[in-house]
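Per-chain numbering from 1; labels A, B, C, D, E and F assigned in written order.
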Amino acid sequence: MIDPQARWAQYGEKPDFAGLLSFSGVPYTEDPAELAGVDVAIVGAPTDDLVSDRPGTRFAPRAIRAASCPPGPHLEAKIDAFAELRVVDFGDAPVLPADPARTHEAIRATVRQVLDAGAMPVILGGDHSIAEPDIRACAEAHGGPVGLIHFDTHTDTGTEVFGVEVSHGTPMYRLVRDGFVDPTRYVQIGLRGYWPGEQEFGWQEEHGITALFMHDVRDRGIRAVVDEAVGVVGSGPVFLSVDIDVLDPAFAPGTGTPEPGGMTSADLLWACRAIGERVELIGMDLVEVIPTMVASADITALVADRIVRETLTGLAVRRR
Amino acid sequence: MIDPQARWAQYGEKPDFAGLLSFSGVPYTEDPAELAGVDVAIVGAPTDDLVSDRPGTRFAPRAIRAASCPPGPHLEAKIDAFAELRVVDFGDAPVLPADPARTHEAIRATVRQVLDAGAMPVILGGDHSIAEPDIRACAEAHGGPVGLIHFDTHTDTGTEVFGVEVSHGTPMYRLVRDGFVDPTRYVQIGLRGYWPGEQEFGWQEEHGITALFMHDVRDRGIRAVVDEAVGVVGSGPVFLSVDIDVLDPAFAPGTGTPEPGGMTSADLLWACRAIGERVELIGMDLVEVIPTMVASADITALVADRIVRETLTGLAVRRR
Amino acid sequence: MIDPQARWAQYGEKPDFAGLLSFSGVPYTEDPAELAGVDVAIVGAPTDDLVSDRPGTRFAPRAIRAASCPPGPHLEAKIDAFAELRVVDFGDAPVLPADPARTHEAIRATVRQVLDAGAMPVILGGDHSIAEPDIRACAEAHGGPVGLIHFDTHTDTGTEVFGVEVSHGTPMYRLVRDGFVDPTRYVQIGLRGYWPGEQEFGWQEEHGITALFMHDVRDRGIRAVVDEAVGVVGSGPVFLSVDIDVLDPAFAPGTGTPEPGGMTSADLLWACRAIGERVELIGMDLVEVIPTMVASADITALVADRIVRETLTGLAVRRR
Amino acid sequence: MIDPQARWAQYGEKPDFAGLLSFSGVPYTEDPAELAGVDVAIVGAPTDDLVSDRPGTRFAPRAIRAASCPPGPHLEAKIDAFAELRVVDFGDAPVLPADPARTHEAIRATVRQVLDAGAMPVILGGDHSIAEPDIRACAEAHGGPVGLIHFDTHTDTGTEVFGVEVSHGTPMYRLVRDGFVDPTRYVQIGLRGYWPGEQEFGWQEEHGITALFMHDVRDRGIRAVVDEAVGVVGSGPVFLSVDIDVLDPAFAPGTGTPEPGGMTSADLLWACRAIGERVELIGMDLVEVIPTMVASADITALVADRIVRETLTGLAVRRR
Amino acid sequence: MIDPQARWAQYGEKPDFAGLLSFSGVPYTEDPAELAGVDVAIVGAPTDDLVSDRPGTRFAPRAIRAASCPPGPHLEAKIDAFAELRVVDFGDAPVLPADPARTHEAIRATVRQVLDAGAMPVILGGDHSIAEPDIRACAEAHGGPVGLIHFDTHTDTGTEVFGVEVSHGTPMYRLVRDGFVDPTRYVQIGLRGYWPGEQEFGWQEEHGITALFMHDVRDRGIRAVVDEAVGVVGSGPVFLSVDIDVLDPAFAPGTGTPEPGGMTSADLLWACRAIGERVELIGMDLVEVIPTMVASADITALVADRIVRETLTGLAVRRR
Amino acid sequence: MIDPQARWAQYGEKPDFAGLLSFSGVPYTEDPAELAGVDVAIVGAPTDDLVSDRPGTRFAPRAIRAASCPPGPHLEAKIDAFAELRVVDFGDAPVLPADPARTHEAIRATVRQVLDAGAMPVILGGDHSIAEPDIRACAEAHGGPVGLIHFDTHTDTGTEVFGVEVSHGTPMYRLVRDGFVDPTRYVQIGLRGYWPGEQEFGWQEEHGITALFMHDVRDRGIRAVVDEAVGVVGSGPVFLSVDIDVLDPAFAPGTGTPEPGGMTSADLLWACRAIGERVELIGMDLVEVIPTMVASADITALVADRIVRETLTGLAVRRR
């Protein structure tokens, strides 16, 4: 394990733009044995072979790490997640370009290493197809279907997209079908736009999935929406899956299937923190980030980083 | 068939930025029956599912059409290609994202439609994996292996790339192996960088493939290199495959595996014209172009689209 | 008429990035005879010769088409506009660069073709000067002045801008003056910033034009504002003119005279849908979009195009 | 003094993109003697030598001038600031790259020239370290500590940043410590994120500094927050310091340490107007703007410049 | 006249990114009386109303000034042009957007002011249509037709472009036709691509215009080409007109009608210096530069501007 | 030490965009004890506090690592540098923003750690001021002044820049003055533009420094220039310092003080390889890279990477 701060020890602090690239500058390891005692492990899943529109999420894990900021107290929550939790960066899963089957298996296996060490995985995608190995690993480790809070423009419950069954538009259908997600403990937040259609929503209703639309967020407010989501998942293990396109493109322009009329960063950040605080999170992924630039800040990668941070902060409050 | 110029007939000429998007503003059709009497048909192959590094060539056919300029006399050659040849834009092959096998079959079938109509296909990729369906269609239509002039940084004669056999790094190996390209009439121009290795070059030598490196171009000059290439392919049908990364990144920054130290535009343009003039071309593809301006969505155009869509939705509600 | 979906029929669905470029992938025609039975026709008006600040809206119609998404049910309204309405893309009006008078006449005539076929025109600008031919065609077709709902930062009711009478800052003055818009049925929404001044607002008041400012939107809410607008235009034909700069630059950075402090996408999208639902729309335009990614040429696509062109030129020499 | 409008006098008005580059096109002078009778003087402070993350604010003063729009009546306030106030652009302070001490002294002296002429300085930074010379000049000119309204993500009250005492993270600590700001009349608005920590907030509380967080803005509304701020500073001279990163990155992506979850433009613009109206402003600065489009050189403009330069060089040779 | 260096006098030198924006930091004036004794005056002509493809040259004069570097000795020629010649920046001609006729007259009159003061004008365009007022002013001032060395991809000798007679594609035809350029002393360098055609080249031959193509530059070398050009213009007054698109797009991507296969910067820079040295230059223009980074507004700088503006507005309310 | 390839061992090869970010994917360590037996250690020096124009080189080391490609045989030299040499990535020196003195000391100490372990340091800047600690460490380790081959537009032998003595424009003056570089074994290649002046060149001549200009490269060819350089440094230890701005901006747009008319990538790459092969290199730095983008390739970082690669390849040839 390498601690990027160590080299700066005699000088002061490591600036964000220098040193080993790890999430928030936390220690970095690729050795599962070093995960003992770790609370949270960051895992990159740089892949986008299964997208139907714009590719580029393969560049996201590095961009999110570069946009991450050092530990420090949350000014509203008055707690420093990194002081409460032992967080390490476990590097990227060994993905293989143009080979989504082996890539998914590599992701599943890497997430499972984290879980087997007793740590919570936070997976930085990658396109949303990775939710399948991410959540499957969690369900397998926890011995049964998990609850799911899912922020997204789209339900991702198609049976196929362009005739492809394993796709970034189908993971949630497959996870419910295969018994890895409990549909009665599954809530979607932020839906809008023009997909999917009656068939998919019909299937969702049959299985008792809760769909909260963007107009629900606007009309009822984020607090009421989060209250309902927390009620739906109840007690028991919950996975949090955040598709960055739940945000309005003004707040997250770098994504593959953006849809105007979405959430604000303030709402999503608050919601993630509240969820981390109020439910039993056993894993998280953050997907569909396409970095747009490096000259100035990449604001999409930045808000992605803060989504994780808010969740960890909430988790830290709960643990205390 | 729609002739984009027709609407401007009473006014004058169509500007490049307006009207139906077709290559050089030539007539557009998707009906094979309308290819009768056509000399050259442009075919888009917007796909990039088989790349090993940066994706984005799926956006190239539209970008190349948008960058094309109207017919006119070549100032050096003193001839207008569009006055001598009947060129139409045959649209894009019906590719399917995340399904490279069906995509390749769709490309092969579309190129074959062009060939069966007696026209020469010019395929705008797409990543270099499409050379396999492109050239296979030509060889099948012409009843035997074809000659090949191949501009590229890389030989693309790997047996696999990251364990993947159908890849943008393997088409030429497969085409020779499967008898669609005659290795003794196959010449590569512009090789440089750090791939492939001894094994692949050994295989090339065994089969009599001619490899001309970038240092050959610099030391001997483009004219001598083209002379040699024309001699290698001799008489008989020849396919021309141009990977845009043969150019130096200064001249073509938008590509997936750029390599400094490449050709100038002036040399490559001259060489292509000379080859068109001196060998019996039966098809061409141009691959690995990644437009530099479509990495993420244009969020202004996106919200503009949705404004129209919302209005139409309201209208639909009203009409119902 | 070409249906871009047709080629994909045997394979599934057309991806957004492939195939003939039309709005939402609807059928494309430039033949007025084919408009029979059509409900809505999209018309591009790629022009910007009359702007006073940043040019670039000539690139908007293609960019909006590229950003459009395929038909599907609206997740809030529970209706698919494209299933209820027959929509076609009628291509671009035959504009002429640097000749705004002939361009305006071409736009007016093209919009009139749509109206004469009984369809509703949706014009994708172009700068806001095109509102003059757009609305004039509608008023002429409908036999008298129309109502107008106008989203904008600016009133566009100047008598001249930089001494120029036909400008993107004057169309509404001219349309009222010439009897094409009924000022008592004309409402502006979203005004802010520093233009125009007392003279123009005095003229507006004299004629009974209703001006709703951005502070009205913020203080009263978008629903109350739309209620008032719907009341002002009442029954009878109404044109909807949306200048994208009514949005805050965070939501629409690509425009010529952006002004901070504007509307959110969510508000504008809801308002457009409500207006479509509640008033008798007879036409719409959407203007002042400047795509952010086409400022200069994409030099990679450009050289790619010329490679093909050189080859064809060589081929032409050979054929001759 | 040069009035950029003068040359256009016989033609009409100067377009924003042409003529001498000054703020809002107001008269430009570098001569302190010409400040007599002036109400407000704009001063550029193009420096960024003391930042801890992304540099680039040295390009901000020119970019803000280029983005400024001409005088005109405020559509909500119904008043034209430039008709009521005599505003001039006093150019840039004579900063020196890589020499922050001399740069700060140059800024202080230039601001003092404005104050000595009886005008109010509006300083366009530059990084936030310039608040130290800006406010020190004001306090010295006004003979005692001033009140301070400070919009920012961060408190900027560190004692050091990366071991550096004069930094963009420390000016407010130093100004209070040195008696230039009255801590009981100092209010911070918009704080969020993960810096600083307990030590700095403890120090703030000891000194009676008022900290209003972003969650205060969201929960209580901007009007209540501004009411409190106005109450805190009370009567007496007040400096307004705006760090652009108080805005959400959606509204201001170009800044060095962006933090999601910030203010909207509408709120900040309203607040600044209200503060200008309700307190006794004696100076203002606006800092941490990094123009998003000047990261690297514009190579086309660069070679254009050198073409002229070469010609002049040849001419010089000829003349000699 | 303001000397941007003056304010730095006591500190040292002005950095390029600070201070009054003038070409190379030379003194700036808009007063013709101050041109007495001046050798060279820089004149901006920020206009693009007459282009047929991409607009944006209206932003070029400011961008070229920003890219210019301070005086200093030419490392090859061993001479400092600014030490030998008295150069001033005469600001921009009072152009008017969307009014090309008045804009051309303003340019002509401003160039004439320079000539009447005995100085040589160097005009920074703008599109190439400005060559007409530029050269006409020179010919009128010098009492007869002038010689012309013209670097360009295109001949710009059309009689019309898209039916428009005063265009960026026609100035050279009009200047010869109207007797302002002597066709026997007119040489074009760098022609390539696909425009114009036989008619225009026929007209050129009839009038004795010398056309040197890009293949001449490549085959014969830049020195021989410049030798021939110098021979053609001989003795007597010569105007130098440089269209930046004569460069390959790799060297100058920001231009409206780029064409691959062009000149290198090294060749063009050397040629311009040689021409300045060897012929009797009486004026120069440099046109068709489109800065690549100003496509849309810089929204951060924009909101920064409005923050100041709102504050001033509040202050104005208070003052009233 | 972490070997980024290890995790992929059972799957195949690591793609460039995934896994621990190290130069070319070589093993990464920050522990000096692990440098035993290492031939070459990469050291990042992410700093730009001492620049006089555009900042941004602090982002270069990460960008160069991201642009680097995996080991493989050089297609011209027929050798794989990484098979011949043991290369590790030693991470970044512990720089401190806004504190150039401590940053320089940290760089010097880190480079010295490499040298003391018997490895050759390759430092990725950073601005050119770092040449001072880089070369000083080498001279100290080698016990006397070293030879220097220096590619650059500028001589960097000023005594001060804007009054600052430790600057990116002065390192070479200081290194010669302080006895760390032997001026008779110091050669500059690629000089052009307008800086410095007579005084600096006079000082250079007095000390016997060899200055080869860009016109020497063009007139004599890169081979002759390299021959001369190799002759000047002769036998004995040599440091190679490459300022990326020696390249023409077409080939390296991302740099702080670009100057048109520079070298091509092909020439510089060949020269670096030849130098690595022919002289006794004891260290190298590569400076002034400002990354411009991440969406497509960053071509400047890419060519920077290849410059190092070529040098290592040459070194490998020599070692064999």
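As a convention for this text, a residue touches a chain if its C-beta (ideal position, glycine included) is under 8 Å from a C-beta of that chain, and two chains touch if they have at least 3 such contacts.
This is a predicted model, so every value here is computed, not measured.
Colleague: For subunit B and subunit F, what is the smallest step count along a path of chains that touch one another?
Modeller: Minimum step count, subunit B to subunit F: 1.
Colleague: Touching both subunit C and subunit D, which chains are there?
Modeller: Both subunit C and subunit D are touched by A, E, going by the contact rule given at the top.
Colleague: Between 0 and 180 degrees and rounded to the nearest 5, what angle rotates subunit B's CA atoms onto those of subunit C?
Modeller: Angle of the fitting rotation, subunit B to subunit C: 180 degrees.
Colleague: So, comparing C-alpha centroids, which chain is the farthest one from subunit B?
Modeller: D
Colleague: Over half shared numbers or under half: where do the identical copies subunit A and subunit D land at their interface, same or different?
Modeller: Shared-number fraction below one half, so different.
Colleague: Using mean CA coordinates as chain centres, what's the subunit A-subunit C distance in Å?
Modeller: Each chain reduced to its C-alpha mean, subunit A and subunit C end up 38 Å apart.
Colleague: Based only on mean CA positions, could you tell me how far subunit B sits from subunit D in angstrom?
Modeller: 52
Colleague: Got the subunit F residues that touch at least 2 other chains?
Modeller: Correct list: 11-12, 15, 17, 52-54, 56, 58, 96-97, 102, 162-163, 194, 248-250, 260-261, 292, 295.
Colleague: Which chains are in touch, pair by pair?
Modeller: Pairs of chains that touch one another: A-B, A-C, A-D, A-F, B-C, B-E, B-F, C-D, C-E, D-E, D-F, E-F.
Colleague: Flag every residue of subunit E that touches subunit B in the complex, lowest number first.
Modeller: Touching subunit B: residues 52-54, 162-163, 191-198, 213-215, 218, 248-250, 260-262, 296 of subunit E.
Colleague: Where on subunit A is subunit D touching in the complex?
Modeller: Residue list for subunit A touching subunit D: 11-13, 15-17, 69-76, 80, 248, 250-251, 264-266, 269-270, 295-297, 299, 302-303, 306, 309.
Colleague: Okay, in this complex, where on subunit B does subunit A touch?
Modeller: 48-53, 55-56, 58, 96-100, 102, 161-164, 167, 294-297, 299, 302-303, 306, 309
Colleague: Tell me, which parts of subunit D touch subunit E in their complex?
Modeller: 2, 6-8, 10-12, 14-15, 17-21, 23-24, 28-30, 39-40, 42, 44, 46, 58-64, 66-69, 74, 77, 79-85, 87, 91-92, 94-97, 102, 106, 120, 122, 124, 240, 242, 244, 247, 251-255, 265, 268-270, 272-278, 281, 284, 286, 289-294, 297-320
Colleague: Which stretch or stretches of subunit F touch subunit A in the complex?
Modeller: Where subunit F meets subunit A, its residues are 2, 6-8, 10-12, 14-15, 17-21, 28-30, 44, 46, 56, 58-59, 61-63, 66, 91-92, 94-97, 102, 106, 291-295, 298.
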